[in-house]
Each structure stands twice: as structure tokens, then as C-alpha cells.
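Paired with subunit B in one complex and with subunit C in the other, subunit A is shared by the two complexes that follow.
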Partner chain A sequence: MKVLVPVKRVIDYNVKVRVKADQTGVELANVKMSMNPFDEISIEEAIRLKEAGHAEEVIAVSVGVQQCQETIRTALAMGADRGIHVVHDGDIEPLVVAKILKELVDKEGPSIVIVGKQAIDDDSNQTGQMLAALLGWGQATFVSKVEIEGDSIKATREVDGGLETISVMLPAVLTTDLRLNEPRYASLPNIMKAKKKPIEQFTPVELGVDPSCRIEILKVAEPPTREAGVKVSDVGELVDKLRNTAKVI
Partner chain B sequence: MALAEDFTIEEKEEQERMVLESVDRFLERDVEPFAHELEADDTYPQEIVEKMIDMGLFGATIGTEYGGLGLSVSTYAKIVERVSTVWMSVSGIFNSHLIMAAAVERSGTEEQKAKWLPRFASGELRGGIALTEPDAGTDLQGIRTRADKSGNGYALNGAKTWISNAVEGGVLAILAKTNPEAEPRHKGMSLFLVEKSSEFKVDKRMKKLGYKGIDSGEFVMEDLFVPGENLIGGTEGRGLQQILGGLELGRINVAARGVGIAKACLLKSVEYSQLRKTFGKPISEHQSIQIKLADMATQVESARLLTEQAALAYDMGERCDMEAGMAKLVASEAALSNSLEAMRIHGAYGYSKEFDIERYYRDAPLLAIGEGTNELQKLIIAKQLLARYPV
Partner chain C sequence: MAIPNVNAAELQTYKLTTAQKDAVDQIKSLVGPRGYVSKTEEMEPHLVDWRGVYKGNAELVCYPINTREVSDIVKICSAAVMPIVPQGGNTSMCGGSVPLKNSASIILNFSRMNQIRCFDKNNYTMTVEAGCVLQKLQQTASDADRYFPLSLAAEGSCMIGGNLATNAGGTNVLRYGNARELVLGLEVVLPDGQILSGLNALRKDNTGYDLKNLFLGSEGTLGIITAAVLKLFPKPRGIYAAYCAVSSISAAIELLDRARKESGDCVETFELISRLVMDLVLKHIPNCQDPLEERYDHYVLLELVSTAENDQELYNRFERILEGGMEDGLILDAALAQSEVQRQAFWSLRENATESQKLEGASIKHDIAVPVSAIPSFYEAAWQAILEVEPKARLIAFGHAGDGNLHFNVAEPANGKTQDFIDNWGRINTAVHRTVQIFGGSISAEHGIGQLKRDELTHYKPAVALDLMQKIKSAIDPNSIMNPGKVI
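And now, the complex of A and B:
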């Protein structure tokens, strides 16, 4: 079976994100970009499925600007077999990505799509769920363990208050949580070889998807900075401040 | 030794970025958490070596036709810098291995390249270079190890000391005199690849101030037989040139280590000075600390730029003994002074075995001694300078 894995190019998790002066978004110029960490986990899981003999082919997909090819090549260097780049400049929303992925699923016929549970840039946590709905497939979200059992998947999910184990029929959409695995880093020979692996290109329109946005971002602002605390000398002053300054009691 | 021909500049840049990112991950995950303990016990980092084999690091600069990565020396220097930022000893395990490989790739016969380089590149056979002797370091022409014709090969007699990877490695490139009477003396020197065997074992590890974990070995050769086919290049009398050509790479390599240590000391000091408070404010707000930070940062940048410049010249195939010498000199001195300044900034914590600063402080002096002492670098620089600008 084939496994399809979307990989998103996002600001590297080590970078201190800065809001643009005109508050239209965050500063992207000269900022280190990397693969969304949740997507690395997805790629790793897909490669493990291949190594365990469950999958024959792992396809990495990225939607976005030209440089997304680098993100795809990172996936190829880790062990994905080929890439698909859906070229799009400008903002793109989860629903559009889900629609694009649906078209690619129809084209490629994978049995599993492994999606990061969210991207660390806008934390939407929507694409996987929307894709499952568009496809009419079962889904296991926030998975921390995946076992293939015949034509279904036993997945452990991280939910409030504990772990839930569910079984979903294949084909299915999985969304990955942080504890699913520790993604490998690419070996240097594999980085060199990744260049030889094919990357196909499409535009959203070629796939029959209208990429226009339905959400307008009005303003992006820094969270307010925390102000320094004050020291109080005794309980009396504390109570007074809580009552009259903070007005919480 | 450039990247394979069919890559564009953008692709090379992307590949370099991806390579360095993977190296960072490797360091973060497989070196950093273990470095402190391994170094404290002077333990050979066997598991890290296994990871480096998987990473392909032992073939970093070896040509792709021999199964290496064919990385440019510029990229390679950036790898060495990063590794040394975390733990310099780890870089030594592949650095002198690759200097040995470079000597074979540049000067070996076709048969020798085909026979040895794939095994070097995969990391299956790892080694180093054995030049220094108890009585000769800087003055390599004064070595006493002899290689006398014996049957279809040579018999080696002599002693080598301070040889990196001599105990743990499987092969060494040994410099010996095939004609002790030759004038000039270097015309009587040859380089041999000698594999470990029941006749050739190295057990003695030198005890040292720093550069722990990696082995520095000492050994005596008594009628050690080496097959004639192991004479690098197949012709006697070229050993010194063969190894000195590799030392430019070695010097860029040491320079990159210096940049790494100097940078690590700077970054730790920048961080610590903002956290540590005295007299009601972070010490980074005291002017005397700021002056230290400024000097340290300037040293890092000048060392880094000189190193990059030497590496670029090397990649272009230009003569770069002067550039490599300058880079080595400035970067190793930067490492030395930054490690001491970092110690001052960290106060007692800098002196403590629980933190890394004292390790950088112990590791840095090697850079002023190895691959040609800094005194020697100045002689090389001056000689080149006078030769380039004759009156």
C-alpha cells in the first residue's frame, strides 16, 4: 500500500518569531524555515510502516511556495520515495489544503494519509479532520501509537485525561502527536541521493481546486509582555493589593 | 573533491543547509547529552562513532566515485566547526582519518585508490596519520623511522608518538625514511599505509590535559613488514610532499575547530552574563564584561572569515598554505583566549568540572600545537609573504 504524507514548511521551532511592523503577519524574511515538527513525525511513521513491510511507497506532499521543495527533499532524504509539490504563492487555508490533498488521494490511491495534528505556525489543527470528511474515510487523530492489524489500524490517541485506543478501518487518515516517535535525521549520503528522487509539480487549479482564501486576517499582534511583579512586606499589604489593585477578592 | 558536477549552485547551497541541519540534529541528540561523562572518564565514544558511520561522516571529503560524499572543504569546515562547538574530540576521529584519505586520493595510484578509498569512505576502515616521533614533531625531516627494502616490501623500524586514532583505528599512514642519506632530506621520505594485524598493534594511550575520549597512541615498530604495494603513490621519496599537501586541509580543519570552541565560549558567556547578577544587575551590564564579550565576538568572526576564505581557496584548487596558516593561527588563538575569557566571565562555575567551560579551556591549547605549532604557522605565513612580494 501507499502512504501519503503532507509536509509543511514553517518557521523553525528554534526561531523567536517576530510580528511584522504593519501587523499583517509574522516576519518571514531571512528567517530559518524547516519542516513542521509534527510532519517529521508523520514521515518517520510512514517510513517505519515501509520498513516493517506494511507500505510499499511513501509520498511526501507540500503545498506552497517554490522553497517547499526543500521541505520535500528533507522528507526524501529521511526516506520518502518521491514528492509532489503543489505550487502556490501566498496564504493558504486548511480547507484548501484538505481539498488539494483529497485530489491527490484520488490520483494516487494511498491507503493511509498521515498528517501532523497541527502546524506550529498557525496551530489550526484542522487539515487532517477536514480531509477525512472530504474523503469519507475514518480518522484517528492525535495518535501516539499505531499498529496495523489486517485491514484496520489500532491507534492509541492522546485525549484529555488519558489514552484512548481505537480501531479504524483502512483507508484512513491519521494525525500525529508528539509522542508517536522520535524522527530520524537524514544521513548525509541520503541527503545527496534525495536530489535524484522525483518531485512532481502541480498548481491547485490543475488539480481543480480554487486556492482563494475565505478568511481575512485583520491583525497579528504580539502577546502583551508580562509585567514585573511587586514584593509585598506583609499579609496586610497583600490582602489590600489583592482587593484594591488587582480587584480579585 | 567538489560536489558531483550535475548540481547547480542553489542545489549545492540547499544540500549544504540540509547537511548542516542533520549534523546539528546528530550533535543535539547523540553527542551533547553524552559528551560530559565520556570526556570526564576519558572514554572512547564508540556509540558516537557508530552514529558517525551511519551519518557518512568518514567519507565527507572523499570523492563520490569512491563512495564518499565529495563535500567541498567549505562545507566540511562548517561541519567541523559545529562538532567542535559541542565536543572537539569527536571531530578528531574523522579529521585525521580524512587527512589520511586525502593523501591517498591525491597521491595514490589508481589501484590504491580503488582498494582503500571505498573502505575509508564507508568508515569500515578508519585511521589517521603517523608523523610525529619522540624526537621529532615540527622538524619532520628529522624523523628516524626507517623503511628498508625487504622481500617484496619494506621493513619499518622506529617509534611514533601522539598519533590520533592509533589505538582505535584500523590503519595508519606512517611517514618513514626510505633513504636516510638523501639530500635534501625530504627526498628520502615515503608514506606507507599500514593496516593493523597480529604484528601491528597499538595499546599505549597518552594521558593528556584535554582532547579526551579520542585516543592518542604511541608505538614502536621492529622490522614491521609492509607490502610494497602500500607505498603511497608507488614511488619512494615523495612522502613529505604527500603529507604536507594534506596538512593544508588539516590546518583548515584545526581552524574550524578553533572557530567552534571560540564560538561555544562566546555563546555560553553571552547567555550566562545575562543571567548572573551582581550588585543588583546582570553582569552583562557591567562594562568590563561587555568589553570581554565584544572582543570575544570579534575574534570569532575574524577566525570564521579567515577559515571560510582558506576553505574557499582550497576548493578552488588555489595555493592556500598562507591562508590556511593564518586561519589556523587566528582561530586557535581565538579559542585559547575565548576559553579563558569565558572562564573569567563564569567565575567559579567556569572553573567547575560540572560545566563545559573548563573543558574548552583544556581542549583549546592543542589547537596551538597540533597540525604545525602556531610558531611554525608564522614562519609559513612570513615565508609566503616574502615570496609573493619580492623586491
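And now, the complex of A and C:
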């Protein structure tokens, strides 16, 4: 079977995000970009399925600007077999991505799509669920363990207050949580090999998807800075501050 | 390592003179109750060094708030011949930052002198006080789109005053030099309390003896550094990092040469890491991962740096250097950081070398430098010399090989008795330091002399040089109140 994995190019996890002066979005110029960490986990899981003999081919997909090819190359260097780049400049929303992925699923016929549970830039946590709905497939979200059992998947999910184990029929959409695995590094020999792996290109329109945005962003602002704490000398002063300054009692 | 037993009888072997007692009282009233601590429990963290090897005594730990106050305290101490121990983050590796046992002293700790006095973006300088924590300075520079390159594993706690007083090295010496090379001007309080103000932000200034260089690297034995003008650089944007397994130490040195030449001299990091270091880090430090699939004997953390964002040309050269290294058998395997997170993960393997070694047990440390070209032969010869003393010793070698500096440390045998190992301390030191001498090296590349190597130094430094050092010391600090018992 084939496994399809979308990989998103986002601001590097270790970079301090800054809001643009005109408050229309965050600063992307001269900022280090990397693969969304949850997508690294997805790629790793797909490669492990291949190594375990469950999958024959891993396809990495990225939707976005030209430099998304670098993100795909990283996926190929980790061990994905080929890439698909859906070229689009400008903002793109989860629903559009889900529609694009649906078209690619129809073209490629994978049995599993492994999606990061969220992208660390917009934290939408929507694409996997929307894709499952569009396809009419089962889904296992926030998975921290995956086992293939015949024509179904036993998945452990991270839910509030504990773990939940469910079984979903294939084909299915999985969304990955942090504890699923520890992604491997891209080794020099694999980076060299990855250069020879093919990357196909499409535009959303070629796939029959209208990429325009439905959400208008009015304003992006920094969270309020925390004020420094003050030391109080006794309980009386503390109560007074809580009542009159903080107004919480 | 256990804190040496200091018994009560030993602690009482010294007495303060009447003048010294008065000095303590005068200083207390000068700095006020917030400016000092004197209870044993409160002073404790200032009295024991980072490694837990040295423990001393003090009457007071003072936290001066400005240069004027430092000067006033020193005047009082000078009059009473009261020893002063300057202290920054107390991360000294050679017992330099804690007082001696059995002697009166005052510790001056700079944690409250932490202002950035001036940030001159276009002059690429900042003027800072001695108590600024190194990491804060790096951050300040970075926030203003500048770069302060001094970097070492203790950067979260060490202070710039301590860095300058020890002429700290760290991981960026190859490209930017030691702490000394990063200073344009210095403000110093002399042992008689006078203030030597030399905070000029000039790159050219040939007006007589270079006085600041006397204090840089003097480990608090000549005066107190209260502020400095530091050099800044354009901020690196494209950083390309690889964690390489190399086939031998000489392969590593060959790789360094190629990387410098073929990158357009953009090598910023070249750290050597031995397998045992990796094993200890993976064993003792949580969340660390071996970047490569197989085990190898020697690794190099290599970084090329460009001040241009997305420097594709440099990245291509980086790949070509690595590919070439692999084809020619210098590199056996390598992982390339695909994100800043992965790059930091490489660094945490290197930066936790010292910490994990501490967690593993006793170790005998050597902070040596030899010419870069001599590293492979030195490595082999020194290792043989150690094995002759202790056949089961384990070598923890790592360090800034790009500038010729190695931390050539020896860990106790896995199942041996710690005491038997410690008994060999002197013999192992001699084995390593004699080899260093043969190769024209230094027995203290970056950590300094402090208490640890004071006697050792007399065997390796030429008599003429030691004599001149003594003359300078007597001229500047005739009563020997500045950090006594250290360096000379």
C-alpha cells in the first residue's frame, strides 16, 4: 500500500515569532523556516510502516511557495520515496489544503494519509479531520501508537486525562501526536540520494481546487506582556492588593 | 566529587586583625543590609567552586551596585590589608573564584552590577557592566540584529567580568578569537581603590602600553574589572550544521583544512567529540539522541556560517565539502541539521560533555592547547602516556579542535575504586602535561591557573616569564590583597 504524508513549511520552532509592524500577519522575511515538527513525526511513522513491510511507497506532499521543495527534500532525505509540490503563493486555509489532498488521494490511491495533528504556525488542528470527512474515511486523531492489524489500524490516542485505544478500518486518516515516535535525522548519504528522487508539480487549479481564502484576517497582535511581580511585606498588604489593585477578591 | 572535609579546627586557624575587623564593619555600613550577606548558610554557594573541589572562608559576600561602591570597598580593604576575591558566576574550573581556606577575605560578587551602559549599533560595540550574564549579552546583541560571539557551556551563569578576567575561550575562538580579542576598552578598580577608566570604543589606539591586556586573563589578581566595551559583529543568519563521524583524529584535522579553504573561510564551529563523551551524555542527560545509526569512535560538530539569509551558495559548498570528505574516507557518516531544533540537539551533545562527566564520577581534567597540526600525534602520545599510569583509564576527549584546544580528561575506570584513581592524579597530570610540553603546547588553554595549577605552572613556564609576572604583581598590588593564592 501507499502512504501519503503532507509536510508544511513553517517558521522554525526555535525562532521567536514577531508580528509585522502593520499587524497584518507575522514577519516571514529573513526568518528561518523548517518542516512542521508534527509532520516530521508523520514522515517518520510512514517510513517505519515501510520498513516494517506494511507500506511499499511513501509520498510527501507540500502545498505552498517554491521553497516548499526544500521541505519535501527533507522528507525525501529522511526516507520518503517521492514528492508532490502543489505550488501556491500566498495564504492558504486548512479546507483548501484538505481539498487538494483529497484530489491527490483520488489520483494516487493511498490507504493511509498521515497528517500532523496541527501546524505550529496557525495551530488550526483541522486539516486531517476535514480530509477524513471529504473522503468519507475513518480517522484516528492525536495518535501516539499505531499498529496495523490486517485491514484495520489499532491506534492509541492521547485524550484529556489519559489514553484511548481505537480500531479504524483502512483506508484511514491518522493525525500524529508528539509522543508517537522520535524522528530520525537526515544523513549525508540519504540527502544525496534524495536529490535523485522525483518531485511532481501541480497548481491547485490543475487539481480542480479553488485556492482562494474564505477567512479575512483583520489584525494580528502580540500577546500582552506580563507585568513584573511585586513583593508584598505582609498578609494585610497582599489582601489589599488583591482587593484594590488586582480586583480579584 | 565530594567536597573535601573541612573540619571545625581547621576553620579556626586564622584570626582577623583589629584593622580587618573594623574594615568588615565599615563595609557593612557602606553597602547597607541589602548589599551583603555574612551568615555561613547564605555565603555557602559563594564559598564552594563549581566542581565542588575547593571550599574557602570569607567574612562577607558583598554585592556592590556600581563602580564607585567597588572603589570605596577596595579603599577600605586596601587600608586594612584585607584580601578581596572578585567573583562572577562562580563557574571557574580551577578554583579561581572562591577564597582560600584558613584566611580572611571579602568576596565581591557582581550580580547586581548588570547594566548595559551603552549600545552603539553602528560602531558595533556595547558597553556593559561586569555582572551581566553572558547569555543576556548574547541575547541583547541578537535582539538588535548584532552578534556577540563569545559562547561557552556555562553561558547561562557566567558573567562577562569573569569571562574577561579569565580570558575565556569557548566554541567561537577559531573565527573570532578569545575574550581578549573581543574587548576594546576596560574600566578597572585598582587594588588601592583608584578607578582606571579606559572605556574607549576604538579599534585603533596606539597610545602607549596596552594596559587593558594586563587585566584580561589576570584572574582577579591585579584589579577588578567593573565594565568593558565589547566588540559586536553582524548577526549570522545562515547556519549549516553537520554532526560527522570521522575516521580518525587526523581525518578530522584534514577535514578542518578543507572546510576552511573550500567554504571561503566560513567555518565557525569545529568541535571534536569522542565516543565516550557521547556515551556519557546519552546515559546521563535526558532527551538526547545519537544522530547517527551506527557507533563511531570520533565525531566532529561542524558549522559553516553566513551573515546572509538562505545562503544557497554556501549551503551547496557545505554539501560538497561533506560529500568530498565522505568519498575520501575522512567522513564515515554524517547527519545534517534540517531545523534549528536539530542544530540545538547537536549542540546539546557537545555542551553536556562537562555536565555528564560530572554525573559519571571522578575525572582528572586537562585543558590543553597544541598547534592544530600537532593534535593527531599529541592525542596518540598523551593517551599512551596515560595508559602507562592507569591501564584501565577511560579517555573523555572533546573540545575546540579548530583552535588547537582539547579537554583531555580522564574518567575513573568503570569498576575501579575512586580513591585508587584519585591517588594517581599527580602522575596522570604529569603524563599529559609533559606530552603537551613536547608538542610546544599550553597546560591551560582557556580555564586559567587559579589554585588548581598554580604549582604546576612553575614547572612549565620559563623562569624569566614567572619573574616578570611577579614583578608586575608587586608593582600593581604590593600588599597582595587581590585574589591571593591564585595564579602566582
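Here is the rule we use: the second predicted complex is superposed on the first by the 249 of 249 C-alpha atoms of A that agree within 3 Å, B and C clash if a C-alpha of one lies under 4 Å from a C-alpha of the other, contacts with A are read in each partner's own complex, and residues count from 1 in each chain.
Please note the rule applied: a residue touches a chain if its C-beta (ideal position, glycine included) is under 8 Å from a C-beta of that chain, and two chains touch if they have at least 3 such contacts.
Owing to the predicted nature of the structure, the values given are computational and were not obtained by experimental measurement.
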More subunit A residues in contact - subunit B or subunit C: C
Which superposed partner A:Pro37 touches (first subunit B, second subunit C, both, neither): second
Contacts of A:Tyr13 with subunit B and subunit C, given as first, second, both or neither: second
Subunit C-contacting residues of subunit A that also contact subunit B: 34, 74, 77, 185-189, 191-192
Of all residues in subunit C, those that touch subunit A in their complex: 237, 242-243, 289, 291-293, 309, 319, 322-323, 326, 331, 333-342, 344
Subunit A to subunit C touching residues, read off their complex: 12-15, 30, 32, 34-35, 37, 74, 77, 182, 185-189, 191-192
Partner subunit B, residues of subunit A touching it in the complex: 34, 70, 73-74, 77, 185-189, 191-192, 194-195
Complex interface listing, subunit B residues touching subunit A: 4, 7, 11, 14-15, 17-19, 21-22, 25-26, 29, 54-57, 59-60, 64, 69, 71
